[in-house]
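The following blocks contain the structures, represented as structure tokens.
Each of the two complexes below includes chain A, the first together with chain B, the second together with chain C.
So, the complex of A and B:
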């Protein structure tokens, strides 16, 4: 018995220790810091609610929060919808060899830094970039993409579209084919089967894919600043500005807290939705 | 009953990547029939069923249902619901939602759907489970949900693919009689696939024995059991002993067959001529066991007791004879006890001439 306990201790203690040291402790430190103050650009341990009051009273905070939330939500919906037909084809129709090649190609983008990939988009979508040059050649005027909402969305997709496809694909490929055939057998046509059987069967993968998209977009700094132009700031841009221009770590921590709480709420909601059992709503 | 067949298979073949699964099958299934396809795995029975459902496209041939060609229709355009071996219930729906699925697809009014699903859930005894999740059901309950889901659409034909395969033995027997009753009450044509011959013989009025993609015999349970049409059917259905020999003489209704050191009298149903190589069978349950000292009879062979196997109250005993090491005799357990045989005991096995059957 004692040996068994020792065994479980050796396998469970390291990850717990890791979580505590690298997640819980910094998180607690972050919370603590929201109550500190800054004097002459220097941090001073304190216990004041000023940071919270200032941030939560600022109108721009809510504008930025709402924008970040909507951007992330839009990115979630767009990437999920764009990814779905691809995942569907890979999961249900593609042959085994095609699948392996496709998975390899989906992993490839992660070989290079996200930052590099984002910069390369600037070359493609800027006003004098590849796309606009080609559009000009066929007589279509310039379409502004860089430093717009479209640019930000392209950046987000660069960041996590492959990941969303992989997550969706994995759960679609795991669907019991008999269920799809059973639906066909009960007069459910091909398109209807996708919504009646495939989507609910792959619910966990689709939801986790969407949750990842939301979290990554919500916390991302690169896409909104490099492709979105940074003129419509998001919360991560706000944090960077707060730290850079004012060295106000405590106020940045308050913004960070708002982000962490939001993301936790979203994950919790997503997981509750993904794992809800049938019949529980009745 | 209509006179046009519920299902007609005309020269149906199916080839998967060069492997022939079904080979030139012709079959007409009457309306209201309970037909069972039996055969070993890979014999083509499930493929045949799946072609009727449209889940598999025949490589060649035509399928008609009530006089109308259906082989070009998509599965969802056909009216042949299937009960799956693994049930294939939708795990993300409740019991009632599963049963309602087919009706929703038919776009029936909500009130009609409610009425019909309640009716069928009541009929198969799952009404009290209506709001349960599928994962909370036992195998038998899942089977009933699958049945209700298929029958609620009021089909004229029901396809069943090893529907009792995943149930335990006790439940299987119970469901057998329920299925049989259900078929008789509804008059729906049942097309039933199983590898379990006792299931098929107990329920169906018509049995199609398949092997290597072909129908080996089509007949009543009694016909395939007592009068197999060839060697395969004789070995697959029932428990038969096969003896190969040569016709020595013909004597009216019977002929004498020489096989090894014995000669046997066998009904000469198919008019053989002397010198023909033939095979006859004797069913294990029609063989009598006597002591080696008993008086000589016709159709008797010497044997050594080698082993036994119990299935309920019936015992299968294995004897070594000059025709092989596994001559089978089936008796009631009580009768076997009275004999008091030990392994290695020498006995005589015998049977009445009219109980043996010559293969064509």
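So, the complex of A and C:
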């Protein structure tokens, strides 16, 4: 019994300690800092609600919040839909060798910095870029992509599409093939099999993939800034702006809190949905 | 305390009490007489051998091309930590214990913030070669507070409009009016910072100086800014500002100057910078000694080196970005050693040069807003971006 307790302590204490040191303590500090003030560009311990009042009273904060939420939601839907057929093929149809090569290729992009990959996209989608040059060569006019919503979405996909595919794939590959076989035997068409068997069976992976996409998009600064041109600011850009002007870390912390609460809410909802048993209402 | 004022001719003089005059006169006179051939030209000393000088700076200033001669002269090592924005500098300095950095290179408006935050040491003007500086820069206002010196000007440049020469002519960019032209709809880029973006427009509105304006003038400035939303290509950070020109996203960017244009020119890009008729801003990089510096004497020597003719030529021609310099002796040395750079940077006294432009009276220092808070200006910028 004592040996068992030591074993559990060994495997549970490190992650708990990690979470406390690197998540809980900074989070508490972030909350505390929202009540501090800035004097002569330096943080000053204080207890004031001014930062909350100022941020929550600014009309643009709600516009930016809503935009960030919708951008992240759009990126989640788009990447999940784009990733699904790939994951389906890799999980159910691809041979073992092809699967290994494909997984390797999906991991490859993470070898290079996301920032570098984003700059590469600038070369590809700019007005003078590769795509527009090709379009021009075949007589199609210039299509604005860089510094637009499309540019931002391309950036998000660059960031996490491979990750979403890998998460979906892991879940789909683990589906019991007998269920799919049974669906076919019961004369279920391909499409119906996907929606009646594959999607419910891989629900956890699909939901976790979508949740990751949302969280990464919601907090990303690079895509909306470098490929969206910062034309439609998101909350991460607002944080940078707030700090950049007068080192207003407390006010930036309020914005960060709004982001953290939103992301926690989304994760909670996603996990609840993912692990809800069929037939459960809550 | 010895106080220095600028007299009508723009030359420094000391303002000392009768009681301590005799004691100070010798030192002050020697100091005032100090030219850039002063301390830096003296023989090397072993006093600092093996020490490290920690410098907090914009990128590129730790290049061996710049610091090599200093390291060799004193047998020291210059260690550099780079930052890429005044906000980052303030964040670093406010979160680092005093004593980590010896020298801070900062923009003049950040120097003012560092003084307010008590992060830099007062300096003795007698230690630096102000006598060799152009009179206009011998007592640079942003470096002084309550008659006390806190920084020495290292280099400077002007900000107006940077433009694509294949798309716009020199005639078209003579006024900020071009920003509203239908020709550049969707092609006006912005450096994503309220100060360099709003102040050129403040000049366009006729506010001189552009930073010290009434609330009514500020309301008008807001309208002027907001009217440019349909023209806007995007808001760029430092690095993507270059690519925005290179990839054709931006044809004209206000609040940008030669430092960007020269780098792009080097890459063969058709980009030039101009100060429009309504005026331009001056960016100024300055050197200070950090509060609690471990090596204040070595820091002083470094500033002396960087502001000597030799150091000035090097800092002006840094490969990271070039700039004009305030030391006349530096101009002379550059004309002799790097004449092509003297031409490019317009640092020749016998030709129309950057100081002539300054003397026209339409160059204003880039300063923090006076009558409104930074917050008010920045919120306007955020509103504009969010429109």
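The rule we apply is simple: the second predicted complex is superposed on the first by the 270 of 282 C-alpha atoms of A that agree within 3 Å, B and C clash if a C-alpha of one lies under 4 Å from a C-alpha of the other, contacts with A are read in each partner's own complex, and residues count from 1 in each chain.
The rule we apply is simple: a contact is a pair of C-beta atoms (placed from the backbone, for glycine too) under 8 Å apart; a residue touches a chain by one contact, two chains touch by 3 or more.
Worth saying up front: this structure is predicted, and the values here are computed from it rather than measured.
J.: Clash or fit: what happens to chain B and chain C when chain A is overlaid?
T.: Superposition result for chain B and chain C: fit.
J.: From the CA centre of chain A, what is the angle out to the CA centres of chain B and chain C, nearest 10°?
T.: 160
J.: Is A:184 touching the first partner chain B, the second partner chain C, both, or neither of them?
T.: Touch partner of A:184: chain B, not chain C.
J.: More residues of chain A in touch with chain C or with chain B?
T.: If we count touched residues of chain A for both partners, the winner is C.
J.: With both complexes superposed on chain A, which partner does A:238 reach: first (chain B), second (chain C), both or neither?
T.: The answer is second: A:238 touches chain C but not chain B.
J.: In the superposed arrangement, which partner chain does A:277 touch: chain B (first), chain C (second), both, or neither?
T.: In the superposition, A:277 contacts chain B only.
J.: Considering only touches as defined above, state whether A:146 meets chain B (first), chain C (second), both or neither.
T.: So A:146 only meets chain C here.
J.: Please indicate which partner A:123 is in contact with in the superposed arrangement: first for chain B, second for chain C, both, or neither.
T.: After superposing on A, A:123 lies in contact with chain C but is clear of chain B.
J.: Should A:42 be classified as contacting the first partner (chain B), the second (chain C), both, or neither?
T.: second
J.: Between chain B (first) and chain C (second), which does A:197 come into contact with in this model arrangement: first, second, both, or neither?
T.: A:197: touches chain B, not chain C.
J.: Looking at chain B versus chain C in the superposed three-chain picture, what is their shortest Cα distance in Å?
T.: Superposition on chain A places chain B and chain C at a least C-alpha distance of 45 Å.
J.: Once the two structures are fitted together, what part of chain A is touched by chain B and by chain C alike?
T.: none
J.: In the complex formed with chain A, which residues of chain B make contact?
T.: Residues of chain B touching chain A: 53-55, 74-77, 80-82, 84, 86, 88-95, 97, 101-102, 105-106, 131-135, 149-150, 153.
J.: Hey, which residues of chain A end up touching chain B in the complex?
T.: Where chain A meets chain B, its residues are 176, 178-179, 181-190, 192, 196-197, 200-201, 203, 277-280, 282.
J.: Mind listing the chain C positions that touch chain A in their complex?
T.: 85, 87, 90-91, 94, 113, 116-118, 186, 192-194, 232-237, 240, 243, 247-249, 373-375, 377-379, 381-383, 385-386
J.: Okay, in this complex, where on chain A does chain C touch?
T.: Interface residues on the chain A side: 40-43, 58, 60, 63-64, 119, 122-123, 126-129, 144, 146-147, 225-226, 228-233, 237-238, 241-248.
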